[in-house]
Each structure stands twice: as structure tokens, then as C-alpha cells.
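Two complexes are shown next, each including chain A; its partner changes from chain B in the first to chain C in the second.
On to the complex of A and B.
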């Protein structure tokens, strides 16, 4: 993360998203899981989020992605653009998107396995 | 972030809870000893000088401090005493991980072997190609069944009834899985626990046997009902050593394993009738 990273609320359709280098995208049928190698966390994406996330390449803007998705699914472009911006901001808040500042939490799996439950 | 990047000697605090207070109230030696297990230092205590001494013999050269009151009580070894009249004791040998009861048995060597397995598991020194899953594993007829960690207490409490139905518990805090082969791997103990001399003051009796070291094809996995992604997420979150593995390949293999495995058989899905 850098000082130039956007706050999640400042993400606009002009933003060109890409996943952070430490994030691995794994397709599971039509869903996907993101593995954050820095935090050791996993995030499940529903089919729509998985599809959008596949298109994150750091060059296409969210507005361009909304154009493509609106054409492909024949849904109102404005609605899709709002959803894509919100989804990207949400992933960014979880430290998964390059250029968006997020917050982290750091309990290791071994420690969690030891203290879970009562 | 690999294990090598982290300093050794980290302690794993055992948070205060009513369950821990109940375990603490059972009576233990006042000073746990500290054992180096990979990057961690774990506190181990016994319920008597004999239990403490035997536990220390199992830990062997992994002991880094023979008595340190400040250590967390990570592992607690309770050895039942022989009744003075030579009869059969109703008390059982037990092993606790934090406040979790993870084993009850009449065989003191099985408790010591389980202690060794727990220390070994924390060292995370096994084959980096294998996933270590926070799960409860049972074996029946040479096939493995993976259950949630929360199922362990039920299996421990009803070990004899599960054994009568053919299901034996794997005495490990998490289990090692060869995801490519779809097999549970039960590694041999790092020491020959049977060689540890147990004095006559410690009770012995017929015990449910432990699962023998070997490889067991995974027949079933208990995952919550839901989508394939939810199942992979559940099981992926249970991979303790994911940071040491290729996450993409591991999660893809977890997906294959979940897709190929059956749901757990009825007797494992709740208390035995």
C-alpha cells in the first residue's frame, strides 16, 4: 500500500483495477476464491463477482468493463457500472486490489486452530 | 510469508475461558516445561510429577526450559493412577490441547504418542507438498473420513462406541493430506513411544487402538451444504500450512478432492445411537 492508494469510497468508473501481486485467483466452477498470500485469508466470489474479477487486468477501466458486461448481459449500463464500482471498492477495502487502501488482520492459522471454540 | 521468515520461540497464548478454568481446576504441576516445536515454544504440563517426567521424556531434546511458570498451558497430560488395590480404575488418561480434550484412553503409551504427534504437528516440518488440515480424521476399513474439528469432542467422548462401529480416531491436532493422491497420511511418531518406560503407578487397561501410520484414501468429507465454492472455501480455510504451499494449486486440488468425496456416512453425522 502507498500514500497514493485510493480510499475505497474514492473508487470511480475511471479506475483500472488489478489484483494485488499477493492475491491468487482460483476458479471453482462458476464461482472463484481469492487467496491473499499476505494475510493468509480466503474470499469467496459469487459467479458475477468472479466474472468481473477475471477481467481485472490493470488497463481496462471499470467504465469499460461495465460497457462490456452491459452488452454481454443486456442489462442497464448505469446499474452495472454502479455494482462494479461498489464490488471493486469492497475488494479493495479487503486489501485485494492494487491502488486501493484496505485494512488487514493477522492471526495465523496455527494460532486460530488452537484457540477456536470453547 | 513462509515459516522461515518468522522468528522461533513464539508462544501461543491460550485465552482465558470457562472451559480453560475447568481444565485448570483439575490439578496440575505448577510449572509447565517449554518445548520447541518449529517456530513455536509450547508449554506442556502433567497432572503429577510422574506425568510431567514422562511427558518430558517424550519431548526429549525438544525441551528448551524444564520449568517456566510463565509458559501458556498449551498441552496438558493427565495420567490416571493405578488403584491401590490393583483393581480397575475408572479414571482415564487424557490429553488436552488448550482447553480441548483431544484424547481419553486406558493406554498411557497412546497419550504419550498423541503428545508426540501434537508437538510434531506444530513443528510443521512435514512434506511441503502435503496440506495440513484442521480437521478430525477417523479411519474405518482402511478408508479415511474427514470431519470438522468441532466433531473431535464427540468422537473422543464416544470413542469406544465409534470403535465398535469400526471408526478409529487419528490422534493429531490437524491431519496431513496428500491432495494429489486424495489420501490421508498418518506419519509415524518421531520417537518410539513404546520404549518410554511407564511406572506401575500409572494405570493400564484395554484401550481402543490408535490409527496406525500409513496412507488412507479419503472416502468422505463433511462440508456444509452449499455451492462448490463454499465447500472449497470451508476446506481451504482449514489448510493450516496454506502459506507454505502453492495456494492456487492447493485450492484447485481441494476442489477436486471435495468433488470426488462423498458426504460422511450416517454414524459420523451425529452421536451414535
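On to the complex of A and C.
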């Protein structure tokens, strides 16, 4: 994180998101899991979130993503843009998106070691 | 049966270091017996002929080691012997000259060996494979993987399915190749807890074997009509079972990402190879049918699991 990172509430349609370097996208059927390598946490994405997140490349803005999604799914563009901005801000708040300042409070810790599970 | 006395017994009682040459002077019941499973090698020698026979019986599904392999240094050798001490707790287990256990009852010897074997297999397999805390059985080469924490009823469900004629892979650690997802057997004896004994009266160890029972029966596959062990199978069905007495046996669909999350919690040493394990779990879920399974009673659960397997891709 840097001083220039946006607060989650300041994310706008002009923002071009990409996942942080320590975050890995793992597709699971039509859903996905984001693994935060720094925090050792897993974040589950439903099919819509997985689709949006798959499009994060650091160059396409949220407005452009909303254009594509609205055309593909024939849903009102304004509504989808609002959802995409909110979702991105939410992921950013969890330290998963480059350029958005977050407070790391992982969803699912999987650091347990099952060494005595027998 | 020899009881160790004198200086060695005093050393053991005091918890002091044990000279390997002193162990060599013990009159053992026979040569050490050793086994290999999932890349883990272990061997046992004991002063107790009945224990020696029971060890050979319960580990019969594993690959026996030759004498040269036992002495090669890659094999964990456990020495189990009685020494002069409290008569109720006069057994020691020594590993590589170090006390593993002392002041043990005779009934705790087999469970301790089993525990060490599990530890060794988990340590070995979790490095090179996707190693799940799970029972696994198979039919016609198609595996059912049942992943759950302790006390969820994995072994009971595994034993129930073996009684229906399915093949045995493991009741403790399902080992999957991270690339092919093939399940290879860890054919340990089933560890059947006291609470499940009434469900399997035909498996009760009798005669001298009963002396080696503490809170679990150790039952090798093929015993009492149980299905036999097979080497490998391809996964077709993945379940997260939970014993829910008083409820209703039912299979519940879960979201794919949620199933991966559930399985991550059942993966031994998940965080040592997080991404490799995650990708393997994701592909496992994509390939198989998967459910969260509520188990109200054994027979209805076996009926349902077999039906799910028949309908799995």
C-alpha cells in the first residue's frame, strides 16, 4: 500500500483495477477463490464476482468493464456499473486490489496445520 | 516373554538416553518386521510374541520390508519392550535411541505404533501430494473421498461401505496426485472407535488380540467380510460427512468454491504448498460430484453414498 492508494469509498468508474501481486485467482467451475499470500486467507467469489475479477487487468476501467458486462448480459448499464464499483471497493478494502487501501481482515484463514489429526 | 531389568530398566525409568547397543542385548521375540506405505518406512521389534503376531496381522495390507531395508537407515525402527516398573504401565517404546513412550500399558502399544505411522505418512505425503484428512473407498476403480475432521464418522462410514463390498483405500489420509488426482492407497488398519463398536460386532478382536485394544479396534481390510484393499482409484465423488444423530441422512449441494474451502480445511499442511493444493482441489471439484453429507445412521448413509456414486460422472 502507498500514500496514493484510494480509500475504498473513493473508487470510481474511472479506476482500472488489478489484483495485488500477492493475490492469486483460482477458478473453481464458474466461481473462484482469491488466495492472499500475505495474509494466508481465502476469499470466495460467486459467479458474477469471479467473472468481473477475471477481467481485472490494470488497464480496463470499471466503466469499460460495465459496458462489456451490460452488453453481454443485457442488464441496465448504470446498475451494473454501481455493482462493479461496489464489489471492487469491497475487494480493495480486503487488501486484494492494487491501488486501494484496505485493512486486512481475512475472510477465511487456512493456516491450520493438521499435523495431529490422527 | 523377556522383561528388561537392571541398568537399562533404571535408565528407561529415569528417562535417560538409551544406548543402542543395550537394546541389542535384549532378547527379542523375533527379527524386526517392517512395512512401507506411501513412501514411509517403519519397523517394529518387540519382546512380546503375541504383539509381534498382532503387528504382522494389522499391517498386512502394507508392503513388507526386507531385512536390508529395515536396517538401511531410511526406516524408523520402533523397539517395544517391557521393563521393570509399575506392572500396569511397564512398557516402553524407543525410537532411534530416544524415548517415544514409557510407562505404557500393553493396550497402548498398537495405538502408539499406529499414531507414529500416521504421522510419518502425513509428513511424507503432504510434501509431494494433496493429502486429505479423509476416508476413501472405491468401486470399479471409482473412488469416494470422504473428507472431515476427527470425530465426524469417517472411519465408521468407511467401514460401513467396506461391509457393502466396496474396496478399501484408507480411513485416515486420502493421498491424491496433484496432477492426475489419482487416489493411492494408505491401507492402514481401520481405527474403529469405541462408540462405533456396536455397529460392527463381527469385527471385535477376540482372544489374545483383545489384550491390544484400548479405545480403538485396529481392523485390517478383508476382515469379517469387509472389502479388500486396492492400490489406486480415480476420484468420482467427494463428500464432507458429518455425523448428526437424531437428524436425517441427506446430501446437500454446496457451492464449488465453498467445497474447495471445506476441503482446504481437511488438507494436511495446506499452507506449505498453498497454491498447488488450491489448484488441485479446484480441479478435484470440477471433475467430481460433491456434497456435504449429514449422516443420521450408518445404513441409510451407505445407501445414499452408493446411490450418489452410481450417479456421479
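FYI, the second predicted complex is superposed on the first by the 104 of 118 C-alpha atoms of A that agree within 3 Å, B and C clash if a C-alpha of one lies under 4 Å from a C-alpha of the other, contacts with A are read in each partner's own complex, and residues count from 1 in each chain.
The rule is simple: a contact is a pair of C-beta atoms (placed from the backbone, for glycine too) under 8 Å apart; a residue touches a chain by one contact, two chains touch by 3 or more.
For clarity, every value in this text was computed on a predicted model and none was experimentally measured.
Once the two complexes are laid over each other on the shared chain, residue contacts for A:67 go to neither chain B nor chain C.
After overlaying the two complexes on the shared chain, residue contacts for A:35 are found with chain B and with chain C alike. Of the two partner chains placed around the shared chain by superposition, neither chain B nor chain C is touched by A:83. Using the contact criterion defined above for the overlaid structures, shared-chain residue A:44 touches chain B and also reaches chain C. In the superposition on chain A, contact is made by A:26 with both chain B and chain C.
In the superposition on chain A, chain A positions 24, 26, 28-29, 31-33, 35, 37, 40, 42, 44-46, 110-111, 113-115, 117-118 are in contact with chain B in one complex as well as with chain C in the other.
Considering their complex, residues 115, 118-119, 122-123, 133, 149-150, 172-173, 255-261, 264-271, 274-275, 278-279, 282, 285-286 of chain C touch chain A. Of all residues in chain A, those touching chain C in their complex are 24, 26-33, 35, 37, 40, 42, 44-46, 108, 110-115, 117-118. Contact residues of chain B toward chain A in the complex are 1, 12-15, 17-19, 40, 74, 97-100, 122, 124, 134, 149-150, 173-174, 227-230, 232-233, 236-237, 239-243, 247-248, 251-252, 255. Here chain A touches chain B in the complex through residues 24-26, 28-29, 31-33, 35, 37-38, 40, 42, 44-46, 109-111, 113-118, going by the rule given at the top.
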